[in-house]
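Structures incoming, each one as structure tokens.
Look at the two complexes coming up: chain A is in both, with chain B in one and chain C in the other.
After this line comes the complex of A and B, so read on.
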């Protein structure tokens, strides 16, 4: 649902374009928080039992369910490591980000 | 593994919070909002006073929630929500739920009089407090939700907090409002269920959410869920429901409680505590647990 929104930056050309009161006109999807990350989670799908725990606990809502498999959205994953810690199968590993 | 097997999802798949928000890594509060909105659904208006969520949501002109948000002054979460609800009622909308979403500073300290007023009037709002036990947004200052022994920037290690945490559930129970509950981010099913239940009830509903804060508690971001779970398993934060201020229910009965030291040692803010002080905290937790059991008539 959230992903259907546009990840668009809003730029006002002049003051007249601005709304009379501060209000939200777009979503924060343009803010790709994946850049905050030092370590990234990688899922070994061969060991995955589809328990949904990683998806359930992601504070950034950046684990998607794609064709009934968990998939990490690296555009937004901040690399907190919660999914790797909570995974009962230990099939998520945190690996150093390449620079 | 068969390809047809569906992924187990014990809570609704619909998302009302988009990624890209400004919470720290491993934030308990952002997970709390995600789960709360899963329980409440699309027809919700959120009133947010000054707190972490006023920042997490994003700057003008953006928002990271798919529901309308009203940013209000620090002390007015409950009164703003009451006003929004009154406006909706005049428009003939009795369906939309109004959620006041405040931190522990905006609930235990600054917003207490507005909350007490709304509870006394029994205004038809849901008040959710996500408790991270200090003023985290402004830089980890002590609040009346900060527990005994904790380090904060205003209670440094030499003069750590000597007072105990305020019993907000007791205060709200004394108001006799229709529904009070505590929830923890480590138990998402329980939390979503409580928000769903709160939505069906009319009158002031109060939900206290335990939301660990890695930045303020000096814990590892990956330990957020572990800490929230330990808080429940040690009896430090019991999961309860109170209906009409009288009927107490304990949602998670524990046969054996874990020692509080297990919970404390994961956090840097308790690192300076001596064995005697940990024993004193254990004793306090034991006393509170016994009182909770007594109230739930167990």
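After this line comes the complex of A and C, so read on.
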């Protein structure tokens, strides 16, 4: 489930190329919301049981499962802390971002 | 099969025959029997649809939008304050190109609290991007629901079917209920060009930068402009199969008319009687009832009104500080045309006050005795 798409800005040159609905215009991929973060989640993989709950709950789809283990995508994670709250092993800590 | 039913139930039967798959509604005033009958149909298996009870009209429309985006044919109904509460979601429906069909019973806005006929509720939603049909009989209500799905789903623009409170909503009339098999032939299952599905994941309604927003609006307007021709086409097809034509407007004795009432809703039926009376007095009168209000049927209205010297527009609504809303729209349609009639604007029947033959007589007397527009609004029936 790793992120294969490249974060690039989609610009249509003509309305004829565009879907009539605001549908996957790619702006969120381009918009690296990780910069909004004040605190970041850090996973202690030694305690992780690979349950996938953090992956399921992440409202920004910013946790990938890489070789069965959760990996946070800091390009997009806004640091909401939902994963840390929901983790049954309490192995995710929210750490202050350094300047 | 013929049945004697009220206008509310004409909406229910229309939704049933169209095989609506998801119906969401908030079951309290100003809701009407529209969804009551539909909930019974869902419960007893007459209609194979999911009935979702929600906690507000805003949520009712939101539920329809989710279902519509997932590919379901959706229906809801409301009135007045309920429609106003949906306002934000109406923009989502049109902007997101979700062809929901909704019944709206025209009721006056509070305060003072009112449950009676008045068009200000639906006309306040004029600019949300919804197609609007105004009906004058229960038969027309049922037929228009079926036609609206066809138009809406072809262009992916939602439709509102509008009917007057009480004079249609609670009035019983003989209505021909079409055969389900024929309706199925006319209206194939909903098959949207895009949908919310795990098989092809997409984000809908996301942040749209100035690079693209304007093009989305341009495309909505361009598709809106296709509606009048499609209403004619689907209306003629409907006539072929069911014997009843559903056009953009209803003309009554307009061909040789020298004076035309422009009306909408049930007042359009009363106007026909008034036209007959005027003709007996030797005045060549006619009635143009506007059925399709959004998009505005420019071509139709221009071709009919440019032939006459005098026009009287009746509004059961008001844009405070301006005119009756149909009056504004008709005048704007005629502006710049080579032949322009004298157009008078009248407001009557607000909050359910009756619009009678006498009202039309008063309107005709006023319009026929003046050679220029003297007042911004001519009020009919105000206790002065």
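By definition in this document, the second predicted complex is superposed on the first by the 75 of 99 C-alpha atoms of A that agree within 3 Å, B and C clash if a C-alpha of one lies under 4 Å from a C-alpha of the other, contacts with A are read in each partner's own complex, and residues count from 1 in each chain.
Heads up, the rule we're going with is that contacts are C-beta pairs under 8 Å (C-beta built on N, C-alpha and C of every residue); 3 or more make two chains touch, one makes a residue touch a chain.
Values in this document were obtained by computation on a predicted structure and should not be read as measured data.
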First (chain B), second (chain C), both or neither touched by A:80: first
Partner chain(s) touched by A:25 [first = chain B, second = chain C, both, neither]: both
Which superposed partner A:52 touches (first chain B, second chain C, both, neither): first
Touch count on chain A, higher of chain B and chain C: B
First (chain B), second (chain C), both or neither touched by A:65: first
First (chain B), second (chain C), both or neither touched by A:11: second
On chain A, the residue positions that both chain B and chain C contact, one per complex: 19, 22-25, 27-28, 31
Sites on chain B touched by chain A in the complex: 1, 5-11, 13-23, 25-28, 30-31, 34, 57-58, 60-64, 66, 69, 185, 188, 214, 220-226
Chain A - residues contacting chain C, complex: 11-12, 15, 18-25, 27-28, 31
Interface residues, chain C side, partner chain A - complex: 95-97, 156, 194, 202-209, 211-212, 215-216, 218-220, 223
Touch list for chain A against partner chain B, complex: 1-3, 5, 7, 10, 19, 22-33, 36, 46, 48-52, 55-62, 65, 68-70, 73, 75-76, 78-82, 84-86
